[in-house]
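These are the structures in question, set out in turn.
Across the two complexes that follow, subunit A remains constant while its partner is subunit B and subsequently subunit C.
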Partner chain A sequence: MKRRDYIIFALLLGIAIAYPWLHPPRYLIASALLMFCYATVVSQWNLVFGMAGIFSLAQVAIFALGAYITAMLGRYLDWSLWYTFPLAGLGGVFFSLLIGVACLRLRGIYVALLTLAVSQVMFVLIQTDSMCSSLNKVLNPATCVSLTGGAQGLGSFGSFGWRSVLGGRDWIIGDYYTMLALLVVGLVVAFVISHSRIGLAFKALRDNEELARSRGISQFKYQLLVFALSAFLTAVAGGFYAAHFGAVGTDMISFPLLLFIISMLVVGGIGRLWGPLLGAFLLMAADEVFKEVSDWRNVGLGVVVLLFMVFLPEGLAGAIEKGWQRIERLFGRRETLGQAARSDDKASSESGD
Partner chain B sequence: MNYFIQIIVSGLTFGAMYALAAVGLALVWGAFNMLNMSHGIIMTLGAYFALLWAEYMGMPLVLAAPFALVCGAVVGVIAYFISAHWMLKQKNFEVTIIIATFGLGMALEAGLLKFLRELFRTAPYSQPLSLGAKSFMVADVPVSYQRLVVWAGAIVLIVLVGLFLSRTTAGRAVRAVAQNRDAARLVGVPVRRIYVMVLALGSGLAAVSGIMLSSFKDVHPLMGGDPMLKAFIVIVLAGLGNITGALYAALLVGMVEAAVKVLIADKYGFAAILILVILALIWKPAGIFGRSTVARQ
Partner chain C sequence: MSGEGTQPLLACRNVSKYFGALAAVSDFDLDVHSGDVVGIGGPNGAGKTTFLDVVSGINPATSGDIRLDGENIAHTAPDIICHRGIARTYQLNAGFDSMSIRENILVGAAFGQGDKGIPRLRYSRSMHQRVGRALELCGLQDKAHLIVRSLPVLDRKLVMLAGAVATEPKLLLIDEPVGGLNPHEVDDVMEIVSGLVDAGMTIILIEHVMRFLLQISKRVVIMHHGEKIYEGDPQGLLSDQRVVEVYLGKGTAKRLQHMLAERGGND
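Right after this comes the complex of A and B.
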């Protein structure tokens, strides 16, 4: 992270804070805060996939788990949702650690398959949950819905509580700043981790596992660490999502949402600092555009993902970085020459089949 | 005893359909480490191709399955040239191709829905190749003739694939590529052409498997997603790229699913085999028919 990145960060934060004061239409505030929520999830996913190089598809399941924990605690125990968020985060960490242990002996593609299977189990079990369990009969004698809400989803469990503070019209601005705070925390955490010694260990394991292990970096320890670290805020983001919408459902674990979130990562740039933010912004903007022609939404998203993987696997952030380096090289600034040569080396070593 | 026969009958049927889908996936993975996430939509398209041929073009019913097979193969070739062909040199090909074909499958599925919504209807069609519910009795358990056709079709196709792989030059080339890509290239095997061929073959098999699936349920735009996941489970259980293992694993998955559906409840069938594969991945990462290794690369 150079000075340039700090300036961009401050600028974007300023814009985001000022935005509601410009009195934009309500639906734009709603999409912006949804974007913050997704960007948080993507920034944590970027730690697992981009930095540690583990292709886990369980992040969406962890997100949904956080939402369900919040919803169920709020509904059945009448907790204020603010108390449920840390528990949702811890639940996510626990779940993610289990997955991390299960994935320890697996690499690459197998991690993707295992984590996909885990999230599918969760989807199927919730989707087909139609039992009135005995516990639920005690908690909910009048309307016996299933514990998780099944295919209908779960509602009426409370919200952030801004409605009583800011009134029936401005509560969404409270939600907006809450999500923004979450995103800032998410970005700072991702940045701090990736620049710490832990982050270096993750990158070493990603780039050359044997060498890293022979230098004494424990794969066991760091793999579990990255699963745990990335899960906390993902699950909290799920809780915030539930608190904002006041409802959770199985569409949070479904394929379309997985595709949507993975597209943010891919379009933004896997493993890039600004990738998650850029990707979340572009995909939400594209979503707004495709909404006019809602039938084409998934066709458009699918094609975008395909094209990016084929032509720009490093995403927009990667492409911009490369373009920037080329411009700097054109003007022959000395300190960037070495950098440019290094990236050339990297490019030529990658092109071998 | 009745339960037992019921489990065997429906387990064999599930197994036969999963085997066809899984063999295609295993072939493609074996040849060039591509995990094709658009396999499911190709199954769906196969069922629609058969429908198109029989209902809308009024062609003889017997040829509907071969027509679907050819169309499926063409879709496979197109899929190769719009995704994998350009990506083979990428550093993380195994991972990026999953995301790319995921996107492709999503686009195709949404496109099919859109197309059907405008021109036809999205409601399920009944598969013209289905023989309906006519059946005979085996110890008080009805066995429909449709099941016999599915078993026979699956056996014939798998034997044909086996003969192709073991007896023909092209088949041997496929196996050579799967064993060692560089060595195959050195002795003059046109590796990229093999990739195209394998993807065409796998997609053709997927299309036929789609017809079989729709002969029990109905033709529906979203019918392919579930069986594709099951085919993934099968090849993971068998150890990726292990084709004979995939046949056994398909039968195993079919039997387990049938047993859970008959003995416990319909809705737990899928969850049961997902848990089966999670356990298998944890305890036997190289697949139940694979050699044991410490980690799978």
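Right after this comes the complex of A and C.
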């Protein structure tokens, strides 16, 4: 976790900041910023899934909730979207806490089932929402759509507003840096938490719940805490997504997106610091390369997740780290062996008297 | 017994634990004063571990009264009991497997006795000092960086013990510290636990290895079918008719008597 990680972080950040100045094709900038958005979601998911070991699949629902909060506040109340993001975050925290409470007595796969059910219920509720709300009837009598937009989705609620600052061509670069800033915050938050006392509690509960409890860690408190902590930026990422695309729809809670994002986590490495970033990058790249055969996308993702679960459960970040350690051991070998021998001597002499 | 007349550190009255109709612990009384070292023995299924589960809050009592420093903790959550000052180890080699030895012990130090349960990001300096002391007491200083998953049994037991010690408990509960160890390793653990006793720690320990139980404990309790059939000093145990009948057998009793006599001579 030491200097090496800070150097990697600085390097990647430098590249990401410089990238738009190399005049890449516009669609690559769009892909990159979408990758930042997903990577943020994955980095927060990693807190719940990787660090706390809770198999929650609710993150995509929280992401979508954030997007809908931003979209609806922008559309119906005409708020500047910048004011909606904190509210989206808080809405996500509240929603996530409810799910956390419901999951308190569940373990393992049952948490996955419950949280998946919650997202699917949310999907169906929005998809089938065809009622014209009374509010909407007053506001838009001519084009009455349902409150959530139903299956058509919801649009025309504003954007980040970079168009008026940077112009009709470069606004996307504004969006790019906005998303990048969010990702940096997400990574820093994940890093700080995982190295903090709170993170230690999450890991302890993951490794051995009963032992953690008898060492003074309240499962109730810390489980709710991880649900709350991980939800804020996830929901804000949803808001940013909505602001960038200018539209939200039920595809944000759909199963394919869930699969896509969870694949990032699995491929990158569950519980690894660099897992989310690596996974998001690789899957976005793969998605780009295999565009031609996109009919097979979900099948392909399923196979990839399966293969990783079986052969590389620690993901690519885990595999790379292991390789690195092996190299380190190769060079530092004599030293550690000497240490072990010394401690053996000590142990035997102690027990000898 | 030390501190007689004063309020006991731990006072258990009529503690019972039922699993359905089965009384794993039944009407059990025990007083532990500060500085006591109480050893609990007895046949398998006597309710020894269940008693520790009850005291540490993992498996609350069905009925009865458990007071720590006069405060009832019979239905308090295990994390709060830990904050109040009781820490325990497990019979099985429980550990935080993916973490290093140091991190395992840091859990005890960071959330142990006196913690208010407020989630904070930072560690205080005293937490790191607790870790250092626990590592030293359990002889793990040189191995602190090793990952717990791959440790041999003895080290895993010591890590678990160090984690409990790091909470700086008023009362330490140790469940079978030398179960499954070879005689050489038993001596190692005995030395470490003696060190804890010398450091003034109050301990309740469960053990089947009688030579360990009798040499470490200042007072011994024998349980059978959830009840106490003996409480007194280690010597008296070996001449107690019922204990010899139910648990030790005549041969073992004689052998242990020799061992204690020898040790007494050496002192």
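Keep in mind that, in the parts below, the second predicted complex is superposed on the first by the 331 of 353 C-alpha atoms of A that agree within 3 Å, B and C clash if a C-alpha of one lies under 4 Å from a C-alpha of the other, contacts with A are read in each partner's own complex, and residues count from 1 in each chain.
FYI, a residue touches a chain if its C-beta (ideal position, glycine included) is under 8 Å from a C-beta of that chain, and two chains touch if they have at least 3 such contacts.
Here the structure is a predicted model, which means the values were calculated and not measured.
In the superposition on chain A, A:L225 contacts subunit C only, with no contact to subunit B. Of the two partner chains, neither subunit B nor subunit C is touched by A:I327. When the shared chain is aligned, subunit B comes close enough to touch A:G302, but subunit C does not.
In the superposition on chain A, the chain among subunit B and subunit C reaching more residues of subunit A is B. By the touch criterion defined above, A:I15 reaches neither subunit B nor subunit C. Of the two partner chains placed by superposition, only subunit C is touched by A:I198; subunit B is not. Judged by the touch definition given at the top, the superposed model places A:V121 against subunit B, while subunit C stays out of reach. By the touch criterion defined above, A:E210 lies against subunit C but remains apart from subunit B after alignment on the C-alpha atoms of chain A. When the two complexes are overlaid on their common chain A, residue A:V310 makes contact with subunit B while staying clear of subunit C.
Looking at subunit A, you'll find residues 350-351 touch subunit B in one structure and subunit C in the other. Looking at the complex, you find that subunit A touches subunit B at residues 55, 102, 105-110, 112-114, 116-118, 120-121, 124-125, 128, 255-256, 259, 262-263, 266, 295-306, 309-311, 313, 350-353.
Considering their complex, residues 33, 35, 82-83, 86-92, 94-111, 113-114, 117, 225, 229, 232-233, 236, 240, 267-268, 270-271, 274-275, 277-278, 281-282, 285, 294-297 of subunit B touch subunit A. Looking at the complex, you find that subunit A touches subunit C at residues 192-193, 196-198, 200-201, 203-204, 206-208, 210-219, 221-222, 225, 339, 342-343, 346-347, 350-351.
In the complex of the two chains, the subunit C residues touching subunit A come out as 56-58, 77-83, 87-88, 90, 94-99, 103, 106-108, 110-113, 115, 117, 119-123, 139, 142-143, 160, 163-164, 167, 184, 187-188, 191.
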